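Two complexes are shown next, each including chain A; its partner changes from chain B in the first to chain C in the second.
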Partner chain A sequence: MAAVPHITLGRLPLENLRRKPFRTTSLIVVVAILAMAFFGGSILALNLNKGLKSMEERLGADLMVVPSGSQSKAEALLTNGNPNTFYFTNDIGERVQGFDGVEQATEQTYIASLAAECCDEKVQIVGFNPETDFVIEPWIASQYDGTLGKGEVIVGSSINVSADNTIKLYNHVFPVKAQLARTATGLDSSVFISDGTVPDMVSYANKVTTRGTIPDEYADRAVSSVLVKLQPGYSAEQVADEISKSDLKGVGFVYPGGVTSTTKTSLNTILVYVAVFLIVFWALALIVLLAVFSASVNERKKEFASLRIMGATRGMLTRIVLGESALIGLIGGVIGIAVASLVVFPFSGAIGKELELPYLQVGVVPCLLLIVGSLAFAVVTGALASLVSAFRLGRPEAYLTLREGE
Partner chain B sequence: MLLDVRELTREFIRRGRTFAAVDHVNLQIDDGDFVAIVGRSGNGKSTLLNMICGLLRPSSGTVLVGGRNVAELDDRELSLLRNRVVGFVTQSQTLLPNLTIADNVMLPAMMFPEEPLNIMSFSDDVTDNAASIDDASPVGDVPDNGGADIVDPDMPDVIAPMRVEPIGPETSPDEYEKRAMALLADLGIADLAGSYPRELSGGEMRRASIARALMNGPRLLIADEPTGDLDAESTAVVMRLLRSVADSGTAVLMVTHDADAMPYADRIVTMDAGRLTESAA
Partner chain C sequence: MKNRLFASIPSIVFGVLIAIAPHTFAHVCKVTEMAMKCHWTAQAEIGVGAMIAVLGLIALFVEPKIRVGLSIAVILAGVLAIAVPTVLIGVCPGAMMHCHMVARPTLIVLGVLTIVFAVVAVLLDSRTAKRA
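Then we have the complex of A and B:
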């Protein structure tokens, strides 16, 4: 006797789905879109959160003292990385250090390279003092254990480094000692040099152009900003106010906390949109699934009555209905997550650029957890949609209902 | 006593008024009995059958099947009773549309895998025997599934004498397949094993339903209007089959208002306005 396809009670939901290809496909598409939206939205939210966290960590200063009128340039430098050059012409660093409430102060110098033949690309050059820095140095130290020497550079993650590990800036080739991990801030498109290299950089720049660069006369003492860490009990506004009242003129202030809070507000707005969209879409999908499963059980009254006659318990009928919907949830979930992954992962950079917010891809483990969570969400939604039908079939005299109209 | 129905009553409420669809019914059936219940539509016949199977709860009275009070069984015990002790051939077509005929027939045997299925099984020999009969008198195509039709030219569609072998706890799926194919072969529809119900005629579906009801070797076969939508020829085939089932020791309780079906029964009882009265066979 040749083998006949053999049925089992456990395989019954699969057979039922297989024999109703149109209905099954439609339901799978609904669940797949739901899973895609859930997974895509969640990964977006996680990546934005990670980006913001990274940004907060990178902008570790409580207050930035910058030349008056340069505040927006300084903010741009922190957020979207638009290269700029601005500088003080006085001994600002030492002066700021002396104010009440200032625990630590460090100077940085910002020089923009050019999008011209002299430079590999237009980048923000950030000169910092490795001795006093408390913002960039800890981050660099976490990824580069050497000391950044004179004439050497460390580059952010978005910088294109040539094959021989160098970068050309103002017709000078600098050896690249390390490339840092992505932070989703303007620092990703920055090149870091020690304060000892700043005068040389100014000199190289002035050989190429004198427009928008730091004049040679200030090369040794040009400071673009003073980053301040406050003592406990002092607010940034309080210290800024003190500085403003002093004889130190021509200073402006940037509050990195404010920059991150603006970003946080934008981020929260997006997250609220995502959450509302997901809730509305989930409710719609649930209603559609609920209606389809309910109609399906009505259509299949005779089939369920038949199973009951054969000896199926109420639990078996419930399991068949739940099994079908859970299968649809599983298949739809896998498809939805796969499609969302094809968009979210390869185009992570483009998404971040489009959102104009710090966007940092979360690690493998959170991604895997989210995949499992999204699958569970899809399966539970499917099962939830058939719960009413399953409950109706599970009632003691459901057979009466099943035979209605006969 | 296989079936003992005592003072069975089921009341329904219609437009605020209570009426008894089944009214103090008494009925006793032994193994091998063939009892026909006749009566007009709406007189409570199907309600009575459904209460015997435990699909409906009685308002009062008792149903004892094999000495067990159906009303005292929980859902699982009742389902097991329907699965193992009672075979039900419904009035309307209730084959599952998504399964092949073979799978439809096998499905009842798959419902309680943890419970040993002690039924009388057709052995391999029966199938082999069927093949040899078929070789001797070919009737139509014999599918390569091996389930050859057993056809007696003078008495088609009658269950062939069966060799009895208990299927114990170690029953393998293959044995289920063999039994299902043998049943289909005995009913003359083995070649339809791989077909879906929509591809079958009314008579063929009825025979497939009977095969399904017999799959687990029930002690009581209930048939609700088994010839309701059949032509005379198919009616004869089905009735001879039911007669043969009764002759092999399975009690048959049939509801019908088909005069052609009645002569096959040992006893005829009439149901009128929910009450049952004995008639002459």
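Then we have the complex of A and C:
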């Protein structure tokens, strides 16, 4: 004799969902879109916050003294702009160090390479003094414990290093000592050299092109910016004002704190849009689920009444309805999170580039926590939507409901 | 008929996309003096994508039992489509290179989708084959 299919109370919610494939699929789609938006939006917000934090850490100077008219180029260099070459031709570093309120000053030289063989686009070459630098050096030291020698380079995360650990710039091959972790700033597409290598780099550049490079006569003294760390009690504006009132002419100022706050403002705008979108979408999804569950429970009154007559308690009926909605929440949540993951994780780099904001992928643990949270959110939303219908179920008398309409 | 379409249409679509993506909308780096890794990945994906599409095309005309076998082959080819840009050949290491930023993730996503649809096709067809 063939085995009679046996449905337990625990399996009943699943069997109910299987018997109504169209309704189940529609509800799963609604929950999946909700979970996708929630998970995608949250991971976007987390990544933007991490990017901003990294940017604040990397822009560790209080003030940047740059040639007058080069402020926008310097700002672009700090964020994600195009590589640039600009320079002073005087001993600006020593002069700036002498001003009141300046605790530490270090010089950097910026040279924009031609489209390097390694890369699609131009790279920014940054010359720095490893002994006095307080912005790049601590970051480099956290990942490379050697001293950067003459003729050696350290590269940012976006630079394409050849298989033999070298990079070709201006037809000259440089050994790469280290590749740094991603920071979500312009430094990712930069090549770092010590100040001793700058004159050689300038001479290699001038052999290849004369456009947009530093002339040979300034090769050993060209400085693009002086990064200043202030003494406590002094503001960047105060020191900048003092420098501009002195006999130092042709200087401009960039306030990295201002660059960070502009980025923070753009980021906050995006986060507000994401939050509003999520709230509106959540409310809509809840209304749709509420309506569908109410309608479904309403049309299944007789089914539930039959179950009551067969001995099911009111609590059992509530558990069946809540079980169905929780199952829909779980399946929709898993699908939504999987689809969002297929976009946000592999395309992290492209998203960061399109947003033009610091965007840094958060680690595994926060991602896992967010996955669990999003899943719980989807299940709770599903259960919440059926709660009203589930409680309504317990009220009417089973016999009267079964005979309704006779 | 539903199972037949499920086993063949996604494979044809994703197979074609895997073959053409690295040459069109998710292109790899241009070949200059020396062809880079991503160029060879793009070439290899033509073969892998074409194989998936052909398997999908064959699935249109065969019985469920054979479709199960074809779908298993599609799953393995989907794994290959992911392995080519990640493990077997790779792309340019620069994180901001187009092949790294767009072509590789596109191929990974297409590969995953190919596998997911083929797994569902295996489940559907094996149930039908058992009943027959």
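Quick note on the criterion: the second predicted complex is superposed on the first by the 384 of 406 C-alpha atoms of A that agree within 3 Å, B and C clash if a C-alpha of one lies under 4 Å from a C-alpha of the other, contacts with A are read in each partner's own complex, and residues count from 1 in each chain.
Going forward, contacts are C-beta pairs under 8 Å (C-beta built on N, C-alpha and C of every residue); 3 or more make two chains touch, one makes a residue touch a chain.
Since this is a predicted model, take the numbers as computed values, not measurements.
K.L.:
State whether A:Ala350 touches chain B only (first), chain C only (second), both chains, or neither.
P.N.:
second
K.L.:
Answer with first, second, both or neither: which of chain B and chain C does A:Leu342 touch in the superposed model?
P.N.:
After superposition on chain A, A:Leu342 lies in contact with chain C alone.
K.L.:
After lining up the shared chain so the two structures overlap, which partner does A:Ile159 touch, if you call chain B first and chain C second: first, second, both or neither?
P.N.:
Touch partner of A:Ile159: chain C, not chain B.
K.L.:
Determine, under the contact definition given at the top, whether A:Arg308 touches first (chain B), second (chain C), both, or neither.
P.N.:
Only chain B is touched by A:Arg308; chain C is not.
K.L.:
Check whether A:Ser189 is in contact with chain B, with chain C, with both or with neither, and answer first, second, both or neither.
P.N.:
second
K.L.:
Which chain makes contact with more of the residues of chain A, chain B or else chain C?
P.N.:
Counting residues of chain A touched by each partner, the higher count goes to B.
K.L.:
Between chain B (first) and chain C (second), which does A:Val364 come into contact with in this model arrangement: first, second, both, or neither?
P.N.:
Neither: A:Val364 stays clear of chain B and chain C.
K.L.:
Output the chain A positions appearing in both contact lists, the one against chain B and the one against chain C.
P.N.:
The answer is that chain A has no such residue.
K.L.:
Mind listing the chain C positions that touch chain A in their complex?
P.N.:
Those residues of chain C that touch chain A are 29, 32-33, 92-98, 100-102, 104-106, 108-109, 112-113.
K.L.:
Which bits of chain A are touching chain B when the two form their complex?
P.N.:
Listed in rising order, the residues are 1-9, 12, 15-16, 18-20, 302-303, 305-316, 396-397, 399-400, 406.
K.L.:
Can you list the residues on chain B that touch chain A in the complex?
P.N.:
Those in contact with chain A are residues 50, 53, 55-57, 75-76, 79-84, 88, 90-100, 102-103, 106-108, 110-112, 127, 144-147, 173, 176-178, 180-181, 193-194, 212, 216.
K.L.:
Would you mind writing out the residues of chain A in touch with chain C in their complex?
P.N.:
117-121, 157-161, 182, 188-189, 342-343, 346-347, 349-350, 353
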